[in-house]
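Letters A, B, C and D name the chains as they come in the text, with residue numbers starting at 1 for each one.
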Amino acid sequence: MIMIIKQGTLPEQIEELRAEVISWGLQPQEIKGESTFMLGLVGDTSQVSEEALMRYSCVERVMKVSEPYKLAGRRFHPDDTVVEINNRKIGGGSFAVIAGPCSVESEDQILSVAHDVALSGAQFLRGGAFKPRTSPYSFQGLGLEGLELLKVAREKTGLPIVTEIMSPEYVDVFIEDVDVIQIGARNMQNFPLLTEVGRTGKPVLLKRGPSCTIDELLMAAEYILYAGESQVIVCERGIRTFETATRNTLDLSAVPVIQEKSHLPVIIDPSHGTGHSSLVPSMALAAVAAGADGLIIEVHNQPEKALCDGPQSITPIVFDHLMKQINCLREALMTEDGGLDDGNAEPFRRTA
Amino acid sequence: MIMIIKQGTLPEQIEELRAEVISWGLQPQEIKGESTFMLGLVGDTSQVSEEALMRYSCVERVMKVSEPYKLAGRRFHPDDTVVEINNRKIGGGSFAVIAGPCSVESEDQILSVAHDVALSGAQFLRGGAFKPRTSPYSFQGLGLEGLELLKVAREKTGLPIVTEIMSPEYVDVFIEDVDVIQIGARNMQNFPLLTEVGRTGKPVLLKRGPSCTIDELLMAAEYILYAGESQVIVCERGIRTFETATRNTLDLSAVPVIQEKSHLPVIIDPSHGTGHSSLVPSMALAAVAAGADGLIIEVHNQPEKALCDGPQSITPIVFDHLMKQINCLREALMTEDGGLDDGNAEPFRRTA
Amino acid sequence: MIMIIKQGTLPEQIEELRAEVISWGLQPQEIKGESTFMLGLVGDTSQVSEEALMRYSCVERVMKVSEPYKLAGRRFHPDDTVVEINNRKIGGGSFAVIAGPCSVESEDQILSVAHDVALSGAQFLRGGAFKPRTSPYSFQGLGLEGLELLKVAREKTGLPIVTEIMSPEYVDVFIEDVDVIQIGARNMQNFPLLTEVGRTGKPVLLKRGPSCTIDELLMAAEYILYAGESQVIVCERGIRTFETATRNTLDLSAVPVIQEKSHLPVIIDPSHGTGHSSLVPSMALAAVAAGADGLIIEVHNQPEKALCDGPQSITPIVFDHLMKQINCLREALMTEDGGLDDGNAEPFRRTA
Amino acid sequence: MIMIIKQGTLPEQIEELRAEVISWGLQPQEIKGESTFMLGLVGDTSQVSEEALMRYSCVERVMKVSEPYKLAGRRFHPDDTVVEINNRKIGGGSFAVIAGPCSVESEDQILSVAHDVALSGAQFLRGGAFKPRTSPYSFQGLGLEGLELLKVAREKTGLPIVTEIMSPEYVDVFIEDVDVIQIGARNMQNFPLLTEVGRTGKPVLLKRGPSCTIDELLMAAEYILYAGESQVIVCERGIRTFETATRNTLDLSAVPVIQEKSHLPVIIDPSHGTGHSSLVPSMALAAVAAGADGLIIEVHNQPEKALCDGPQSITPIVFDHLMKQINCLREALMTEDGGLDDGNAEPFRRTA
């Protein structure tokens, strides 16, 4: 950390600041110019916040040198984390697709979609039982009944289930029933929920908030890791920008950026990322080419009748075709010339 | 609501759509051009979502005509809501200032600040007991002990207390101890929390999420109103943009926009809105001139020692001077020529 | 176009409005509900602006039904435009890579890079002679001397040259010397320049402004098309958002969106789009998978000595490896199962 | 400037970097920790760009300590610049209002509006002769004929005229005819135009680009100052964000931020800043309270017939009432307790 000291600061003030910094176990080092004076803090600064330093009236600005996350960062964990659920792996070269409807609507619906996506090669089933909706007048999900239907679908298809938790009160039920607990974008900074979920011992799928930076996403992951859970998958699902042609702007560069900064697997949600079913396949393929560790895709047997997010859901037929394309693409990327996983690819992949 | 129908749609498809719409109690009316065909839906469309209509494959686009909120909107509630707590009013011409530290740190601190802001004329005391922090390593607030200290401060100064709730599990304690329950920006779309808090019978201060539109803020207020609570104050506290000179970009035009759209009182938080204490007074005065119904301002007796948000906290001395300026400004705005509250002001204030 | 009429509007006012609209050659059609009244305008509304209608005090809101661009839109030009320069094609299934340094610095530099990228398979050479720089103290380009060096490089390698024009005064020189005239992101809405360049008879590469919507990009293309030039390539190069991990946020979904809306070829600039050379290859591959018609990539023989944009320039070695990957990827996408160009791919590509 | 050196950098590489830095007349100073190594550059770094340093492969990151602008910054010019035109001052405590129609449409129109705003107390007349329009089909302004009409209006009312230049080719005409040359938001980074206008010897009104940061605005001003012109007024006119309730989001905090960073006068455009005439008066008053040095406001005698920007134009009657309110507000702010200009106000105003 570097502190820029204000012009006109008295030597006594600097002395006081130095003493304080030393009392924190850090070592201050000076850079002096004609019109600038800086103090560099050497040592373990992970517990020191910028704002703690900004409180001193002689400090003009504080600049961070290293990332604020320790557990989520690659610096102390150079190897990729591989999340493994029922022998299905995500991360470290393993790729997985999570598919299913936005929300569980009925036994027929969830069984039909689960069956279809399993046949096409999806490794996980998604489906919302509790739905965060902008309007109190919209369908809010089937709740516990929805969880029961997901369990039936898991039994019939063998697909592990991924579903969203919205409130700490349901943590016990989720521990019992669910394979991967999803934290939705709107709850990315619901810190009590992150902590509760981090204590369950269950793998977590953490979605990026639509106006959160990548660093904030990794700090939210840090909450979960700090609470004890190491199996965390992060998901880019579109950020909020001025563009209105798409529901969100899918930030695909988050894939290589997160892979540089963190060891956690990162997946892409092209459904929320675009909001239009016609855009989902191209963005899914782009995510694969960008090196994502997986995808989460909304599939509905009758998008025009969906109670939620119909316009961004693709049909099982489109999904089936897309899965074939994904496999074809991954194969191409893994062959010698284009190999994402061989040594040649290193220059433009992870920097670890 | 208007539906644009895709070119090449068959008459049967349109017939099916018309039948469906009629079954919802709505009346479809047609607009036909050479290359365009639209259906306007007449009737109570508040329960009809855009996406419900987008599901139909023959629908190209849906355009809303009226706002999606009924309870929060001015259309059916033309008169301003006046929130009243212990004889202090906010809204409908009444102006109030909520002041205090970002977080409660000790009995000395909160009593000292409470005493100072009361003397300067603040009507409410703010102070966080539970703090949402980006990093798990930052100070998380004193929790229940913080609430106790706020109660002591209330007893000594007579100021009603405003403090943030982060999790439904504390609702009962807040009902008992707190005068105004604050929903923080990060929880603006924590829908289970909105509903729980809306059932407490306590006035609510709802902060706008940093990447939420004004319509989404009013939809979040709608959740609280729908759950039963009518005493809701909304607060603009800065939105996230590309500009980095300020912590957030304070959207002051939200004041007249919200006053046009809604009957709820709207206040401004210049502390989070700017992130720098040197900018707080000018933005507070600007908020008054813009017609805000109140302010919430962070005041700390020793900003350089604050455990949270020190850089944006002003001292009691600066606050005292600011309160004098605010009063002077409000007086000027209420005199004949510049009167915000007289008939002449109407052309540029509320449209109700 | 639909006009929502304000509540309380008098019948005479509506009559006046109807008469006006009819005088423009349009036909007004009514939609009447209990609390809403709308007028739909049927006919050729391409010359009618929203604001022209908003001027009427009885109009609450105007909603556009069709896009404002006629020449750039797909509606009246369903077939892809193929831009062809010296037998090299972009668009309509043809893919091309434009590569070279950010700016021309010396004869050695441009010849060396031109030679390398030609060998690796690039179809065009890029290089800035006139450079728009945020600071007046930064290198501003070699100007006319830079153009001369580009011509030498073209002669030696056979690669047509693409370079940016910044001011109408150089139009004549560009007509003489350049193969594709580039309009940079900062000049996307420099309307006199768009018009001047549209009159040159030269193909144009138009870059999206960092805070311009896709519709605004297509309107800027409309200026060029309206001035007479039909050979226009549009380029997505990252938009400005709150995220700071990348220089811009590359909006890859612009590729399928533009392909739905417009017949013009669309290419991607992963160099400006990310700002970091380590991210360029993954985003280039992602662009190919998303269906882009081409790429423009910054390549420098000594990025650490580059006078401009060194951090986002890749070396000729990395570029060569990337070109192999791109070819491998395109081949995979064109084979039967994953074929971007066969009939099966239609559901998720262009809607024309 | 601080350079963070990558882990694993060899001593020789650092030595080479040190030598290079010394060859630029700078002095490198080291900060060494267990896992970090930094070089601070001491001396005049105003000509050193971040990217020049980022080119070295051993440099992980570069952090600026001081602002990149010398002429526009307050550091070397602590006193406010006061722009003076025909005895009318802006800046340094002097406040001025520029008013008039978006575009000059006819002699009757411009004379009528000019007469009205002069009577209400405006100090300058605005009016566009050359109009940058998103669509080639919109009214593009009267061009040179518009300039002539502005001159007539100036002669009749005595108001100096402010109008926008769009292309360097008209610089000579503007020198002859215009009192203040406006650079519009879309041309804020049209660097050849900035330089040309900076050489005219005419005062310049520079508008902030809708997606440009305050630092970029001041760098654009630096171009003009560097070209020779010292009379520069900067103008905040709304930035582009995700919010759609307003045309732009007016960033009022730019007023105190710019006043801290720069000595140039800063004015506010509440018309473009909001896009709705009903919001203009509250934002104009807010700008005054925030300490702006002036306002630029669109006034039209018949907004519903305006050829451009009618929805955001206020009528002469509303303008007249607003001017009375502004005067009343400024008086209140200048009296003892609320005085913006007395010593007490210092803590929250300019830091110079």
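Couple of notes before you dig in:
The rule is simple: a residue touches a chain if its C-beta (ideal position, glycine included) is under 8 Å from a C-beta of that chain, and two chains touch if they have at least 3 such contacts.
Everything numeric in this text was worked out from a predicted model, so none of it was measured.
By number of C-beta pairs in contact, B-D leads over the other of A-D and B-D.
Using the average of C-alpha coordinates as each chain's centre, C ends up farthest from subunit B. Per-chain Cα centroids separate subunit C from subunit D by 28 Å.
A separation of 39 Å divides the Cα centre of subunit A from that of subunit D. Computed centre separation for the pair subunit B/subunit D is 31 angstrom, with centres defined by C-alpha atoms. Residue positions 211, 240-242, 244 of subunit D are each in touch with at least two other chains. Residue ranges on subunit A touching subunit D, taken from their complex, read 2, 4, 27, 29-36, 38, 40, 42-43, 61, 63, 65-66, 75, 211, 240-242, 244.
Within the complex, the subunit C residues that touch subunit A are 211, 213-215, 239, 241-246, 249-257, 260-261, 273-274, 278-283, 285-291, 314, 318, 321-322, 324-325, 327-329, 331-333, 335, 337-338, 344, 347-349, 351.
Against subunit D, in their complex, subunit C makes its touches with residues 46-47, 49, 51-52, 54-57, 68, 132-138, 166-169, 186-187, 189-193, 195, 209-211, 216, 219, 222-223, 226-227, 240, 303-306, 308-311.
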